[in-house]
Amino acid sequence: MSQAKVGIIMGSKSDLPVMKEAAEILTELKVPFELTIVSAHRTPERMHDYATTARDKGLHVIIAGAGGAAHLPGMVASMTTLPVIGVPVKSSNSIDGWDSVLSILQMPGGVPVATVALNGAKNAGILAAQIVSNSDSKVAGNLKSYKEQMRSKVEDTARDIEENGWQ
Amino acid sequence: MSQAKVGIIMGSKSDLPVMKEAAEILTELKVPFELTIVSAHRTPERMHDYATTARDKGLHVIIAGAGGAAHLPGMVASMTTLPVIGVPVKSSNSIDGWDSVLSILQMPGGVPVATVALNGAKNAGILAAQIVSNSDSKVAGNLKSYKEQMRSKVEDTARDIEENGWQ
Amino acid sequence: MSQAKVGIIMGSKSDLPVMKEAAEILTELKVPFELTIVSAHRTPERMHDYATTARDKGLHVIIAGAGGAAHLPGMVASMTTLPVIGVPVKSSNSIDGWDSVLSILQMPGGVPVATVALNGAKNAGILAAQIVSNSDSKVAGNLKSYKEQMRSKVEDTARDIEENGWQ
Amino acid sequence: MSQAKVGIIMGSKSDLPVMKEAAEILTELKVPFELTIVSAHRTPERMHDYATTARDKGLHVIIAGAGGAAHLPGMVASMTTLPVIGVPVKSSNSIDGWDSVLSILQMPGGVPVATVALNGAKNAGILAAQIVSNSDSKVAGNLKSYKEQMRSKVEDTARDIEENGWQ
Amino acid sequence: MSQAKVGIIMGSKSDLPVMKEAAEILTELKVPFELTIVSAHRTPERMHDYATTARDKGLHVIIAGAGGAAHLPGMVASMTTLPVIGVPVKSSNSIDGWDSVLSILQMPGGVPVATVALNGAKNAGILAAQIVSNSDSKVAGNLKSYKEQMRSKVEDTARDIEENGWQ
Amino acid sequence: MSQAKVGIIMGSKSDLPVMKEAAEILTELKVPFELTIVSAHRTPERMHDYATTARDKGLHVIIAGAGGAAHLPGMVASMTTLPVIGVPVKSSNSIDGWDSVLSILQMPGGVPVATVALNGAKNAGILAAQIVSNSDSKVAGNLKSYKEQMRSKVEDTARDIEENGWQ
Amino acid sequence: MSQAKVGIIMGSKSDLPVMKEAAEILTELKVPFELTIVSAHRTPERMHDYATTARDKGLHVIIAGAGGAAHLPGMVASMTTLPVIGVPVKSSNSIDGWDSVLSILQMPGGVPVATVALNGAKNAGILAAQIVSNSDSKVAGNLKSYKEQMRSKVEDTARDIEENGWQ
Amino acid sequence: MSQAKVGIIMGSKSDLPVMKEAAEILTELKVPFELTIVSAHRTPERMHDYATTARDKGLHVIIAGAGGAAHLPGMVASMTTLPVIGVPVKSSNSIDGWDSVLSILQMPGGVPVATVALNGAKNAGILAAQIVSNSDSKVAGNLKSYKEQMRSKVEDTARDIEENGWQ
């Protein structure tokens, strides 16, 4: 695949079962990406390097997932001018996910993070593709098809229920 | 100013005191935009028209702000493949803003909304500029300068406190 | 059964295990209904058609269930003058159900949704029957019997415990 | 005005500033109503009388507003087969309104309350009118006009902002 | 056993696994009690009878447990001048127990409910015994012994860990 | 007045504007009480003395109010077998009162605190009187009159609104 | 091992599965500690003895864990001038852990508790070691090595994923 | 004053009205400190320099205050082995302070932050002094006196109320 447009990072390998959905949908939408582990709290220098070189490497957008007091998305956003998408991950000792949601969402003025739903890595991937689609009409086309497939599936299910009953 | 790249919409004129911060920062960052009122619940057809024509009009990203059970960002996102940024607005009868935050953030798989902080319209503007910056190097430069100004201001304040005391 | 008085819709087939309780109680109360899938985010046009034709089809009330950022009940309510009952469904990535509850309940002035408890599809069905009962005395009678049965069951259980002990 | 179709009750006169919005919109929509004070906790017998005679008096729906541990809507619903609309009122020592919202919304199976937004008495009035509209085509027409007026107002504001700017 | 001093009631038999802990501790503390089912929403008249005759029957205190929009403790308190202890029960569709806690705790001025912890039926029993102990020195003695046993058990466990290690 | 039956304590003089409502209603209900300041965190020995001598002094019940991480009611309850009523006080840096509510309510098995509503000192006073009423028929009579006055006031207001309108 | 520098206490043996992580990390970091059971509510005198003798015994810091209305850390802090670290334990009837978090965190001015994350006993141990490290350069060295090991592990995982793929 | 033992930092000058209470109590307790502005999101390099040189400069503990998605305390803790005390500041667009509390408290295993109450800068100062007191007996003495003063003040207020009444 060609040069990565999207960088997917996460604080720990334990986030991978959630975060891989971003990789899968980007694969389906044919958007080139890279994926690795970067921890804000255990590898702050590595995070610094990743964030400050991202634009020059050709990335258009970074997807960062983390749980608990989730500082990775916001800290990466503080060190780049690329759009950063944050995925709150519901980790084991999380207080129902509120901690990761609020740590990612409530960024101060000047440093936005594009936050998606709790465990919403799939949507992070689609959002990244939408951003890429502004300068890549093939991706725009793929997104359009994807939307139409979603519609069709709902309509098929609806027809099935209407014809065969809900029981 | 040239052709709008960012569309700013909000559910009601009462959202303008919050949402104008998006317009102001986009003006400062020299990103052309348009701004109007579109209500999901009171003008659903108008919302449909706005969303389905946005990409062909040349918009790269839509910023949608709303309060309470805030359906505008998510419904617009359901009708376009452009990235949609949602701004939860803390309206008068809101339950501390939780209603707008959750109605915008917790979108189902397939239809992302890039959510920013409660009343975070300024960050929505910066995020929109970051998205535009992928195909506009001038905006990328403006974002870099903006980031440096933020840094300088903090450093100046720090120096002032260190030299003149905190009392 | 005669012409449907109640329309039951839901955003996804995965809502059916919850929403079928509305269908079951309406069957028990002998209120004719129809049931299908309509997704606010994946089939917005279908939702528009459903909502705008509902009154002319003879429906008296619409029951709409959805989870997460649940926009279906409110958006349907924005396109009809029929009463709309919203059922917050606790979906898998929900933040404890708060997202669906608040997205349905906190509608802005002018566009009410009659919200019932989290996963409260049975109560949505009874509420729909109560609405229908205003112009259908048979349904009113069925509701009265249903209430009496509930009372009897509690009294029977109470008597059993009082006579046979709680151990 | 003719025979009341809607009964508006509230736990205390201090709820009137919120609850009068239900009366005002019903007046505007030309739906006859009555309004009084009934307290679940201070006048339980009065509540019993009100609830058990409501249908025979000709009421089609009851709107009940209360704050804190708000038991009025649910207790009235337990004693009538009419639809009951509950309005959570944000009272002075409320915990941000959560107490009234949850006390009204989370009714057990068998006894629904049609809950509207916190302080949403206006929407309670509109919902009551929608219920009445099933057997009163004039009210149905009034609701349709009301919806169109809402749409017009938004469009006028939008046009004003588009033509005269948002500053 | 002699005449009941404590009345234990609950909204449904499904509350018994929680509520029986009140009965068990009262048995242990040798406080005579009675136990039955009374539902605020399904048997409002039965609740009225229970509450209004409780003092004359010789009860000193009523323990009432309920889940969801839990109206039983507060409504009983509105119809008697006996102290009423409320036990919030975490039922299946509860929103994490917040609904029962707030519906019982946040009573308006004039009608108190002595609320204990979520599922805290055991503590409700002890609190009832404490109330009875004001006019029954044997129960006071039993409470004192119970407190000493609790202390001893902790001290024994502590000694065991200190001597044998925590591994 | 005769020997105090109720002890009212609070963590700080700043709690007095809330807690004095307990004193006022006890005065009205003619229940003898004493009132002082006892801080769990700043005077733990004083708290120990107060709690361990309370029953021998003739108190029947202790009302303890505190804000934030409110440990006073629970710690007093750990050192006496008297019933302890806890009043969560909404202090200045409280997180909306949730901290005081949960610190008082969620006591572990074995050590109950009878919790009333946030800032519910008046209800704490009435609850204390209800406890005292078990061995003091005059107080029982006063409580009955108080309840009847509450009912009368609501009925008077209702009559006024029904006769003179709600406008 | 030499004289204990850290005291680990908890309200109940049922807290041990969580709290032993503090003991394990202190063992790994070679910080001498002692561990026992002290209950605020069941052994208040024992708690008093423990807290008031802790500094003279040579302890530098106390780690206290408790669940629900968790009073142990704050009460110990009220009786010593040593730093006290509080570990909120998510116990069985906890309301999602909010009760323990807020009961420990929201201490009034004058009596701090150093609160760590829900179930964060491991971090409590590290924090205790950091406090000890101010007067023990070996512990400081051990903490530095521990930090480097954490970094290495993340880098190894990252390298593995980059080289072998994320699938 | 001698060499600083405590470093106080905060994300913005707007945090100073809260954070200066830490400086004031440290002054009162005679613990030398320094105070400046360091922003995690606007000056990440400055934060890195501050954190990595803190121990060598002779600091024993760092107090870091921040609001919203408060990353400063946790990020500083990731780059030093000194104890870090976090002060959640309730900023203007905060969601009731929950965002700062959770972003600071819920740190992942390996990187603790000693969190104090919302706006609890005074307690952060006392906690810092307690940490310093382990190697500075004068500070230990000052803390003991401070505790005694707190006790005396409560006792004086109590005596005043007992003698002069609470009215």
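The letters A, B, C, D, E, F, G and H name the chains in turn, as written, and every chain counts its residues from 1.
Note that a residue touches a chain if its C-beta (ideal position, glycine included) is under 8 Å from a C-beta of that chain, and two chains touch if they have at least 3 such contacts.
What you see is a predicted model, and the numbers here were worked out from it, not measured in a lab.
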Chain pair among E-G, B-C or D-F whose interface repeats that of A-H, sharing over half of the contact pairs by residue number: B-C
Comparison of A-G and G-H (more C-beta pairs in contact): G-H
Distance from chain E to chain D - Cα centre to Cα centre, in angstrom: 35
Between chain G and chain D, distance of the C-alpha-averaged centres to the nearest whole Å: 52
Separation of chain C from chain G, taking each centre as the mean of its C-alpha atoms, in whole Å: 49
Overlap residues in chain B, where contacts from two or more other chains coincide: 12, 42, 68-69, 93, 95-96, 98, 101, 105-108, 110-111, 113, 117-118, 120, 150
Complex contact set, residues of chain D against chain C: 55, 60-61, 81-83, 85, 101, 105-118, 120, 122-124, 126-127, 130-135, 140, 143-144, 146-147, 150
Of chain E, residues touching chain D in the complex: 11-12, 40-42, 44, 48, 67-69, 71, 74-75, 77-79, 91, 93-95, 98-99, 102-108, 110-111, 113
Parts of chain E lying in touch with chain C, wherever the complex brings them together: 12-13, 16, 20, 23, 35-39, 42-43, 46, 68-69, 93, 95-96
Residues of chain G defined as touching chain A within the complex: 90, 96-98, 101, 117-120, 150-151, 153-155, 157-158, 161-162, 166-167
